[in-house]
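Paired with chain B in one complex and with chain C in the other, chain A is shared by the two complexes that follow.
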Partner chain A sequence: MPPAEQRTGSIYDLGYRRYDGLRLGRQHAVLSLYFYTLRGAFGIGRRASSKIIPIVITVIAFLPALIQLGVAAIVSDEVDVIRPENYFGFVQVPVALFCAAIAPEITGRDMRQRTLSLYFSRALERRDYALAKLAAFATALMVLTLAPQALLLVGNGLASKDLADYVGDNWKDMPRTIISGVGIAAAMGAVALAIAAQTARRAYATIAVVAWFLVTWPISGILVTEVGGAGRAAALLSPFDFVYGATLWVFDVEPDRDSVQDLAEIPLWAYGAAVAAYAAAGTALVIRRFGRIAA
Partner chain B sequence: MNGVLIRLTARQLLGQKRTVLLLLFALVPVLIAVLYRVAGNDEPQRWAASALNARLIIGTFLPLAALVFGTAALGSEFEDGTAVYILSKPIPRQVIVLSKLLVSWLATAGVVLAATLIATSIALWGEPQDGILAGFALAVVAGALVYCALFMWLSVLTSRALIVGLLYVFIWEGVITRLFAGVRFLSVRQYTLGIADAVVDVPARVFNPRLGEMEAMVLAAVATVVTLYLAVRRLRRWEIGEAS
Partner chain C sequence: MALIETQQLTKRYGETVLALNGLDLVVEPGITGLVGANGAGKSTLIKILLGLLEPTSGDATVLGYDIAREGPVLRQYVGYMPEHDCLPGDVSATEFVAHMAQINGLPRAAARERTAETLRHVGLFEERYREMRGYSTGMKQRVKLAQALVHDPRVLFLDEPTNGLDPAGRDEMLDLVRRTGAEFGISIIMASHLLGEIERVCEYLVVIDGGHLLQQGPLGDFTAAMGVLAVEVEGEAAVLAANLRERGLRVEVEGRMVLVALEGDERAFDLIRDSCADLGFGLVRLERRRQNLEDLFRPTGRGTAHAAS
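Let's turn to the complex of A and B:
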């Protein structure tokens, strides 16, 4: 056997180099995940067929604002302006559809493609992953809840004779609008994501999210309007009902006669508390799910 | 019809876990009917027809169940990549579509019909029936067929059939049909309600669909045949290796 020195194998020196450059770290990883998830929620950077559905739903959310601006532009400026709380009552439907369509994409994609292990082997922690995904999804929903009303405010302002006057008359609604829009997005988004994160299969996740919205709704309606008594607390069960109740509370408006919120006779602040509780529970469940999932 | 295909589809659709969940799903209208009776209200006929059956079962539960079964019967084969094994066999396309439709129709109709029969019987316990039970039983079975055919066509057309179907049911049928009455001719929900009216014999105050019974039946038949034909045509033009 020849001595080892003779085998100064340059052949084994592959010239590996250390990386001496800048390491962007955990914060950057979280922010990148947030922005890429937000883009992905609207299909930006994906193929055309994944853009259609988010964009159609977003357009539906904008329709009343566009119609009202169009009517105001053509007819006159004496048109009744849509009240923010009524807009929120309408926009819940596209928000629910967006949850059903997009929440499974946000969580299920990485599970199906088995890319979770790639994320978790980097600076990103499991909790960071869950929170970044959740924040991105809630932001996407805020585009649906807040952007149409921002458009309406600017459009109506430009259509009125005096922009400064118009903004001066309406600025009081702005903080309320923002609180409501953020609340709807947080409560519906967190719970929908918590449900969707339970399964990798898109179809099952969609059905489960839809079931949460649509099965609780008639139950709450019947329990509140027909059964009464302790059943009136069921208004806090259905997302459409408790979210709308919270909007009424934020805007300090009395519920319509014979609406669920009117018949339930629950103090309106309880709906606000319910929104916070649902958002917190959803967030906790998403974090828990991604803390335990096998990557 | 193809026996093997029917058996396989039935096994796919009625996996144990899903069946349990669906039975729970069917229990919801029953539970609501029980709660309604316990509360003891006036006008149970009107409630049973317009609220329980028209709004809750035909408006929500029937399309949801049809969406689950109708899009899964053929759509899950495309999603799992197993469609190619069926489509490359010498089975005529219409046999594939009809076999899949039969199973999804029976599954949907079974779940929803059970819910309708039990919930309506409870809601109308000791009250005159006036054909409400029979009328809505007939309507959900017929409506299940139209919905399943429609959703099956959607599932060969797009991989997001579930979402497109949801948009159709809750935006088109739920919102647009309410705003523009002319659209009732293009709404499976209105066909279903119109068919119920053929047997239901109550004053218009209690239950009043927007389509007459003849129109509804003809339109439902046309919609079923057209969507089935389109599904078969789409499959005839399908090429191996094509992503669905």
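Let's turn to the complex of A and C:
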């Protein structure tokens, strides 16, 4: 280490060396971007202020699970266990918040700071970049949709009299829970990212994502409950409604009386198809956007 | 194998702007300066070679790889330092450069190690653990160079690397670029509109103008062919200049001096002598100017406007 007074403004030759080691290429580049983006979504490796929002939202997603486990631990063993499909009904809200707050960061950062040209001049293609970002964001959302339920399953299992019995009774819910959790993350995540990717400005992107959630919601409600007829198809417009419909379909549960899904009288599988269609459309839009953007 | 080869490379923006116009170019390994006025097509050429822009038509290879079909493989061996800002403010240089190394295919451990070495090489020490938003322009330029070098590229594209630097920072950056090319055998393509910088660093020169190749060759060829003779006479400089122009010389007036381009031959000396004798001017001084590239380009580019004013 050179003495401090010499260090300012001078360049030292401490030996640049050539590198003859492994070059793992495109696949490694994509994986690295995926993990870097996933860490960034929760503010890991960033300043403390970048961690606050994602962590608060994540905690919100865990709250029902924590409360139920806490109550079960304090009171007796006769507590109503939260049904997975009901948990998904709740967790949509923190997922939407996460989309609005974090999706603009996932896509907008590199546009704003013009880091895209550094990525696109490296060992990946534009499409790889888009897919890595999408996958990382969907994974971050799955932390919200799936991790609380995993905690609940383990916690309730441990609290029950017989762990093996509990698992035996509940294992059928597991694939359904996973399918539902992945579907919510993929559909909401892909569309939110597609919206956010249209602008580098963070505030605009957040507003646009919020608008997708909040403007479609009353429209769907009014068209389904007040207008009826062909207007009932509007249940497929609002992310909250179609995602919940898909969850009901996956768990094979009848919608509550007078809920949007009940009044719309659309077959429940249509909501599942909508989730797949939204996820595919969002993905295509994100790929298209990053395929064309100037870098 | 040539470092870079382009065939009829063309880039059109919209209907009207032709940034590259059927460029045919062969660049050999070494340190090459890419010279041209702003808007000559330097950045466009670099971006096409990196795969950041798609050419409208034409082909190119870098390191023997086809830029259209073998982009990701090629770009493992390419480094790029853009002209513009490109650093996120909320991460440290260490974190960012290591990430960039991995995006170029380096395994995690190697990326960390190379990051530390490369940041030292460019002269960044404890600051490298701080968020980059607090960096000075000079430090940011160093990080930009480091991220282009961290994966040990075989060819480095530098787009105006001294942008925004003060004279001392400029000297250091140019020295760093020169040493990186000369001592480590990394081929460098350095775009600049400042000929003085190119002259200090580069071995070869490629001059593009209006999207096509104007001239190309070793730097020595250019400096030999571009002597400038400064002539001072007792008499009107403008009159002498007019007289010399009639004799077919490229001439410019600079204050009391008449600048004459020496185009490879010694004919000009005789013509100046004859001219002074005919006009009856006393020849006070006849000196060869330090030969630099600005002098070469002045008569064709800025010089015409200059002389007219």
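Throughout what follows, the second predicted complex is superposed on the first by the 276 of 295 C-alpha atoms of A that agree within 3 Å, B and C clash if a C-alpha of one lies under 4 Å from a C-alpha of the other, contacts with A are read in each partner's own complex, and residues count from 1 in each chain.
Everything below uses one rule, namely that a residue touches a chain if its C-beta (ideal position, glycine included) is under 8 Å from a C-beta of that chain, and two chains touch if they have at least 3 such contacts.
None of these values were measured; they are calculated from a predicted model.
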item	value
Chain B versus chain C as contact partner of A:210, first or second or both or neither	first
Which of chain B and chain C A:101 touches, first, second, both or neither	first
Touching partner for A:273 - first (chain B), second (chain C), both, neither	neither
Chain B versus chain C as contact partner of A:178, first or second or both or neither	neither
Chain B versus chain C as contact partner of A:123, first or second or both or neither	second
Touched partner set for A:66, first chain B, second chain C, both or neither	neither
Partner chain in contact with A:56 - chain B first, chain C second, else both or neither	first
Partner contacting more residues of chain A (chain B vs chain C)	C
First (chain B), second (chain C), both or neither touched by A:159	neither
Where chain A meets both chain C and chain B, residue numbers	none
Chain B to chain A touching residues, read off their complex	25, 28, 31-32, 35-36, 38-39, 41, 47, 51, 55-56, 60, 64, 67-68, 71-72, 75-76, 79, 158-160, 162-164, 166-167, 170-171, 174-175
Residue numbers on chain A that touch chain B, as the complex places them	49, 53, 56-57, 60, 93, 97, 100-101, 202-203, 206-207, 210-211, 214-215, 217-219, 222-223, 226-228, 231
Contact footprint of chain A on chain C as seen in their complex	47, 50-52, 71-73, 75-76, 78, 80, 82, 84-91, 95, 99-100, 102-108, 110, 114, 117-118, 120-123, 125, 131, 138, 147, 149, 151-152, 168-169, 172, 175-176, 179-180, 183-184
In the complex with chain C, residue positions of chain A that touch it	1, 7, 9-19, 21-26, 28-29, 32-33, 36, 45-47, 50, 109-110, 113-115, 117-125, 128, 295
